[in-house]
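Chains here go by letter, A, B, C, D and E, matching the order in which they are written, and residues are numbered from 1 within each.
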């Protein structure tokens, strides 16, 4: 019989398929994986929702019809607790009134979140920027620059950061005011953002550095060098796109961290000061009423916990979805 | 010859999010004393899964196993697949032992070599510390570690790759098992070291009259030490026979393709390699019929449409040489006539 | 062949990596002599194979050829020009002609870029616009290496190892290089796929006349594809031989041992052959043996071997560095 | 306005047990007699371990502001138109170590206040009053016992004289001070043994002269136990019932209140007023079984204008009228708990010197509790032409108020902002968390306004008007010395101090108070009320007017 | 080993020196006069000047710093004349608010902070590692789910929320663990009183940290279980229990030891919130208070102390690691 041999070129890879994942970028795959995680999706929606609400606080409060500054002194008893039923929770004041001044709690929460988020977002951005730049510089160029950066990182990491920020708060805020960069709460925000990032970037930069170092050893970087690529192009085209995963995870986990940090410093009286409103200030205010009007404390603490939880869960879900081990 | 190991109709699959991964599909195999049986196949064909099944090392909660793996232990015969896990555990390291592909990561980095070896002995001989120590030194000596008593006090990272693989072999031999499973024992090693290990394994087999189940993708290694060979493709055995049968009288297109793909050290004019086109299939959505059919160069010689329709049976010229193919057996020698190494 | 007529030539190339040994108040520096004085002339269109055990310096040598690793000393001459100390800016145009293919098809491709981007990168970097535009040329290249050109917009993870290796090859040949270092391009691949890639490389070599340095630890693969074979051990060249000649007449004891150790896919050969089993392991490149580096494992070693480094000598059709060549 | 809320049952006092005090303060200000100055410390420490030569009467009601002898046998014998005062010591009084208290010890005690560099914070009247010359820079030539020149020592020895029997002490003053003996209620004139003086360190463990002595003084608590060398016969004042006094520092205020509310520690008395949020639970709920006091104090709150930065009288007045006093009074308490509108810088509790000045508060028809917006607006309109640049600043960038950081700022700042906004005045706040007074007392650091408060040292406006309105007292935050009327005002103050006729003096103080009020050098806020609460085990508590605290000397516990 | 330690000690000393200089420099550029803060309301320029001299603020900065360093080793005398007093070495300064040498105060505060930190450490290790092991052991089943809920709340609830809840409700309202007024008692003199005093702070801190450790332990164990050498252990015929106990834990817990040591070091200065809420006069509360009061010598001292503990702990961790993991050579 005739022996028939098929030509190998005729074989397309159509049947010898590469699995069901066809035509999707790593981002899309991560997204698909993320979408499968119900808890993560809900948390992400909450997180984004909260940020949007806080950014749009003036509009939102106007729509709901609440105002953060209107005092309702007339409905307070001698101890400052609203005398209305359900502590003032009503259609007009969905979360009730704040004891002491009778301001609307929802509006205050929304406005209060703005500074809290501002601090968290600014700190995260600054940390991200410093960490990314120094991490890539150290990891990619190595050599002496890296050695120096490494020493500085080690040095900073051996500081008890929280402690240092507490210890430095008063003198540094005064110093900032004196230099005229900012006054009052501006100076306090500058202080918090600057020092939280100052002690925060080494952690992130280490992560990025190790990633950059391992990426640098990957052959695609050598390939780019072999093609005559400039360092600039390698950093921006080859390294950075591969650093998105740690960046996104870092952002989603450091936002709640810094949000909580701001509230702790305000709670201790070292952060932003009244009359500005932040979640930390609301919380420390709420502790005064924890027995006489527990719902105030529960709503404020609950909001903080909810937001931190939502961000953390989003971060976890993102981490799972972007896990480099699932990358291939 | 008594059979030390009898695998029949073994099926292993792993449920995953994307569907079940059918890693091993209906595999049967026997291993006799003093014999080396090799399983060859490409990456992902299910070799390691088979060897772990024999050891009973799959996680029962994430693995679906069926069929049977019978291993005699004294007067009784234990079925690794269906018997009590505790019984199987009791046999591990005593009746059957295993050496793994990567000697670098297979030893615990935190414990001294001696302790790890002695432990293997003590599991099955509780309390006999002194004997364990003696045997450790003995075995290290046997596998060719110089100054064994001294080296037993070292940690794994103080050994080179080849030495570590020797240690792994020594550990596998601590209780003089009858079945030794070697999963790619030399893949991570250099050729010169590989030669040392292969020679060592052959020597040990003679000494203990063990049955060795050798798992590898290197046809050279198979040719060097295997008595019988099973060729696997996508979880299936496509051909089984003596080493000579497989290398000189291959009956399955995949075996032929494999043999043709291997470059050989030759004098003079070099022939172009005959590669197998395409890629191995996904184990989740196996092609219908014969899993190899999409890549098969000889498909036109089979009855039209049969390859894509049904999986051929494992039948053969003789009971010891069987293969899977729809091409009529009588046609095959002619079809495969250009096999390079054929004699 | 002389350096003048060679397309590519290296002279006495060394690469020593400084490594830190954690000392007390000072960090003692130790040197890994990864490549220790190798010389080689490669003619245009020739394929030179480099074999040796893991860690003997193959990769380091290959990358030094292309100045992806700055050599410690020695000379690299390409087309008669000394490129050893060329500044990166001057080097850039040359990079189009000197290319590399990698061992690991996973790490060689940026997982965040499409195949199209990966293969078109050389054009972008070198600022070259081929006839008919980049996209068309990329698709032509994809077809050339046996990939479906429609997969232009896919990402590396959607391809199998063999396909990825083809992508890497397509990228390497995009600018029609003269000289390609293939660093173990098939080691990570299964036999069946390995054959596909070897065939592809052979086609390229034949059709485009590319000069290839083919690095592998698998002697049979190297011998199959190369015109000449270089055997390395501990950063040094032991033997350079015509590839056909190597098997029939190995001159260096190490080559001999290597050849005898490589198992062949043929039970008859295996059953009948005498295996030379080398004792011990590769010594550390941080502190290589004095004299002939192979002397510690050589069954023919005599006193001179331990004290004097052998010179490269011509024996038959081979050059060999041994005091007692066969 | 003493509300009779102290439900003290007529029970026989019992001896023994531990009386516990709870405070959120980290410590008492001072234990060293020379340095004790704040009301609560005075009440507490003089009740237990520091005796003074003279004391206020330990009884409930207004008669308590009269003097009775303590270590001395009399309340002082003035001579030479009150330029010389003589006191005789009571026999049998001993130090903790058993040594008799002598005139030399008192004299040594007096000498210590002169070294302000080592022993600051105490009342410094003695330095101004004793007949000791001053040097060119105006400081006394006597520098205290630690580092004095021979001339200084000689001058001091001439001013403070012990009799031969070491029992009678004579003070020679540089001017007439009719109420000099009131100063002797302060431990700054208590005996200290020279041999035991540790300077700065004496503050940690001063030697007791009272019925209790310090056993432990840690950062967590102060523990007092009975002083074996004190005997009842030599002390007409104190009734030391409990065996032990324990003062716990640093509690969270909420926790502190909850402990008393739930009567977790029946023998505990809160050293601080309860949180405003808990007032209802303490005072209006039947579930609280412990004791409570709700009383007026002599403490007057005010916000000092930095007149140098705010020279425009109209604006200062406008701020006064714009302020919403009612909201602030109602905030956490109202008149019941929070206090009353200020009508004079002198407390109404000082019945001799007090009179509503007619500018501040109710007698002024223009004044309205929630603010007189119309009047304030009119003043602002005036200011627009009278002081345009200041007007512009106040209504645009605004004025800045220094405040000490506190938890109630979250509430009071919005209330104030809203009130001032009614007439277009913008207020900013500068909360200061550390070193409030050193900051605001520094003229270059002080902002437009600085929040403060003052309480008389004893019932005489001489301890109010001079310290607050003239630099002599060292507490003049209003920077008013540049004002046109100031020289005349200052002269009148000096004259009033020297006036020994009490009625005539009172008339002068009233006039001065009114004059200052019209200038709005300060913005008065509230006369403050205080609340004290304690557990069911504490007995014998009543409000003691002199220091505005419970009379600690009379407390006992039911174990 | 010895050389490693001495080398690291030198490094630690240099780091501490830089820390102390940095802290000094920061306070030196302060916009106001530290001497002014040493006296209360009645501050006359004379007093401020005297205090400045007493505390050495009149000297140039480098000299002040030198006196500070010198004081650490040789003790330091403050004030002049018969009112002078001496703080014996190691003298970190003098706290004018407490009228005590900082070192003396430190001796009072340190046991409290150590009690808080050690107790919390033990509790959170037991709970965190225990839950982590359970979660890893029963991966995907209910103990795993339950522990992840715990982890979420533990990591999201701020310490002051947990602490206040425990204090107000558990301690005061429900009187489950009544509040203690004994002040600090040592474990040795009154173990029950000691536990009563510290149990709530321990729970508060442990709740936050245990969550972290549960998560970390679980991940670490699961990762170790996937190692090849675990498969080797199973292949020897070891029972699953032994595989876990002997082969998995040691490898999985090594990084936890590191983490725990560093967290512990952080607590020496960092239990600020907990100490504040529960009114424990330890280092954290002391620092916070000193920050409020602007008590510079204390802040300088505690900052250096806290950094020192972290640095020394880092050194210990590295040594521990070398003990735990034979691959690590030091």
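The definition used in the following text is that contacts are C-beta pairs under 8 Å (C-beta built on N, C-alpha and C of every residue); 3 or more make two chains touch, one makes a residue touch a chain.
Quick caveat: nothing in here was measured; it's all calculated off a predicted structure.
> Return the chains shared as contacts by chain D and chain E, ordered by label.
A
> Counting only C-alpha atoms to place each centre, which chain is farthest from chain B?
Max centre-to-centre separation from chain B belongs to D.
> Looking at C-alpha means, what's the farthest chain from chain C?
Here the answer is chain D, farthest from chain C.
> Indicate the whole-number Å distance between the mean C-alpha point of chain B and the mean C-alpha point of chain E.
55
> Using Cα averages as centroids, what's the distance between chain C and chain D in whole Å?
91
> Indicate the whole-number Å distance between the mean C-alpha point of chain A and the mean C-alpha point of chain C.
The computed centroid separation for chain A versus chain C comes out at 47 Å.
> Provide the list of chain A residues touching at least two other chains, using ranges where the numbers run on.
8-9, 13, 18, 170, 269-270, 287, 290-291
> So which stretches of chain D touch two or more other chains?
254, 258, 433-434
> Find every residue in chain C that makes contact with two or more other chains and list them.
If we look for residues of chain C contacting two or more partner chains, we find 160, 163, 196.
> Which residues of chain E touch chain B in the complex?
227-229, 231-239, 246-247, 250-251, 254, 324-327
> Over in the complex, which chain D residues touch chain E? Could you list them?
20, 26-27, 29, 115-118, 120-121, 124, 137, 139, 145-147, 198-201, 203-204, 216, 218-221, 246, 248-252, 254-255, 258-259, 262, 264-265, 433-435, 437-439, 441-442, 445, 474-475
> Considering the complex alone, what residue numbers of chain D touch chain A?
Touch list, chain D to chain A: 253-254, 257-258, 275-281, 284, 327, 330-334, 336-337, 405, 407-411, 413-415, 417-418, 428-431, 433-434.
> Which part of chain E faces chain D closely enough to touch in the complex?
32-33, 36-37, 39-44, 46-47, 50-51, 54, 79-85, 97-100, 105, 108-109, 164, 167-168, 172-173, 175, 178-179, 181, 183-184, 276-277, 279, 281, 285-286, 289, 291-294
> Within the complex, which stretch of chain A touches chain D?
Within the complex, chain A contacts chain D at residues 69, 71, 73, 76-81, 99-101, 103, 170, 184, 269-270, 273-275, 277, 281, 284-285, 287-293.
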